[in-house]
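Labels for the chains are A, B, C and D, by order of writing; each one numbers its residues from 1.
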């Protein structure tokens, strides 16, 4: 059984983007989701620094560094794009106008708590827009490896690291499974077909609930 | 009553030791490089203005812009959401050495606090940061069954802003995503100092397209073909 | 996922009895007359939607627009700052007869409450109305030595908005001072319904000139050469 | 001794408009001040409904009813005008960006309290932007007849009518005098030359303080 690559996790998350959705993709790994948006589905991307409906990166050498996303990467505009200042941008976020925000995670707890901004004292803390996004978007998705680099669970009964938000995550797309958070519990929606529920549970600190039989998590080679 | 200054140095002459300075820009987009570097030059030449509190989303990148201010030693404290960048050495070293203070503010809260400062709203409630370290010590309250954190307005003595067009009455437009925090900071500072790529006559900007009305702008200096921070950094600026 | 409706009636079909309805416009500038009158026609034909709470700066003038809604009997309550006009008879008679409720809100507080509703800010403090009847019963607090009144966000089920241009993705511009409350109401309503003088293609509005981004707009219907309330009244409309 | 007409009160107030000031003139009587702005003095007028730097009324028949002021009167634009929405407009007001707001009054108290919106129960209350303006502008001026139509004082020890704002008025331009409010008291700056201090005091409920000799209030025939 081979766990999913980041690209495959991003692909899987992209399949759930609702048609017509306004979506904010976090810096880094979540940004990859845009690449895998199913054809024909209309999605408008929001970036914290004041653009709606931006498009792909321009070819190298054609960057306009006044036209960047929150990750400070050069982007382009789709027809129908708009610019606005930061307070309006976060009015969109905080006011519940975004359909989906996708973030990475250090830890996710079964009650939906998220820790993704600080690994504790000793480093320079940086929070950016994450704390706003998790309490603003209608759905908050996490894309992540199922376990840490040391093989320890990231899906926990309670977060140990400093929280980004309380009870905010709605779905976790991991390298092994798709898990919804429902009524304070992890509800397993899909798992890799080659893996038993017990094997998956062994890599997950909190209890995985099941409603009927979980579907197979099937993704293309990428 | 013209707000237009012919020299950057004159436009900046009201900035004194210990002031709070909002600086527009997100990453390199909107960073008023010429204003910042003129201020750094003054500090290096005269030892003033130092002990500044700088408000920006970030905390400098490489050795230009805000990073140059930090290297020069004129910044006592940063108020920002994300003091990281591709090359955050200036801030990181100063911070870990205890030489610079940091008030970390979530990005949307930072924007809203600045707007509140400009709009005469001394405090507001936000869901952002509820239940986190950031909320510790702040008043909290329940509205309609949900918990919120009270945040205070944020004002400054001075704002340094990069605009695209400015007319002589202070009306501004911005270039693309260089808009970001600048219109808010222009509202929240006692003195708003603008470098504009082009200074035009009143009426040259369509009244429907003005982004920052002149009431929020005090001083304007034309800087044609301004430097772009990100382009500078990628060009290898140190 | 087109937001563009071909008939006004279809665009309005989500409005039900008892809903709260924000209506753009200040005086006649920005009043979405065709949307309002189609709603009045539906009420007269079907008895629904009635029992509405209407939010606008004013409370109708003469017998058109919001005044027509009041005369039809479909408005249970007005939330406004200034229920007077050159001909306020519709509201005044209903109010003095106890047939319509009134929540009087200072104009700037009304604007800020609507913005707060759209921006996810459940409450904020303002100096406005401190020490007056309007502040009675509201929480008050001191900040930096000055007293302020706490005000709550204001949201609505529906907003009826008059735009100049709308592209198919919902981006809007407004004509002159017809802008007023409309961009705020578009943010604060669950469903924002727009009559636009012209519907254009995405990209036809410069991204720098978009006033209301499409994320705040749900339904658009083109009404070419729309009526202007003030012009109607001065033309003798009853 | 002839008291000043409204036009003369407006003229007198206009002489105090600071060069470069941003000014909001209340609906009705205060609007008249614009007509008497001294030549060469640059003043930018703000109107609550989202315009800065509007100009005079257009000729009859050339009105654009989308281009109106807070009094719903047609206006024109000066070069350098701008449009903005109502929240931004009141950010200018509440945020202290206006230099002067001028309003009418039913009553002004010596501590600066103003009553100008409600004559009490029995009518339809309407407040508009007055409560915002009085707590936003750096200076709040009142233009008013010195006494009511019945000859009773409008400048009082305490307001009796419902308040518009507390301690907000900085100067009162009346038909008889110019009075600053300083440290909770009426400080007489100018009075009609034909009138004694005692005569003026008899028409004023609260004590008029004097710092040296009040100047003569001299205005042109209008």
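Following the convention adopted for this analysis, contacts are C-beta pairs under 8 Å (C-beta built on N, C-alpha and C of every residue); 3 or more make two chains touch, one makes a residue touch a chain.
Just so you know, these numbers come straight off a predicted model, no measurement behind them.
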item	value
Euclidean distance of C-alpha centroids - chain A vs chain B, Å	30
Approximate Å spacing (C-alpha centroids) for the pair chain A, chain D	56
Intercentroid distance (Cα basis), chain C paired with chain B, Å	35
Touching two or more other chains - residues of chain D	51, 83-84, 87, 90, 93-94, 135-136
Set of chain B residues in contact with two or more other chains	112, 115, 119-121, 126-127, 174, 176, 207-208, 211
Chain-level touch network, classified as line, ring, star, complete or other	other
Chain pairs that touch, as defined at the top of this document	A-B, A-C, B-C, B-D, C-D
Contact footprint of chain B on chain D as seen in their complex	19-20, 22, 42, 44, 46, 51-53, 77-84, 87-88, 90-98, 135-136
Sites on chain B touched by chain A in the complex	26-30, 57, 81-86, 88, 91-92, 95-96, 102, 104-112, 114-115, 126-134, 174-184, 211, 228-231, 234
Contact set on chain D toward chain C in their complex	47-51, 64-68, 70, 72, 83-87, 89-90, 93-94, 113, 118, 124-132, 135-136, 162-166
Contact footprint of chain D on chain B as seen in their complex	1, 115, 117-121, 167-169, 171, 187, 201-203, 205, 207-208, 210, 213-216
Chain B residues within the chain C interface of the complex	112, 116, 119-127, 141, 143-144, 146, 148, 152, 173-174, 176, 207-209, 211
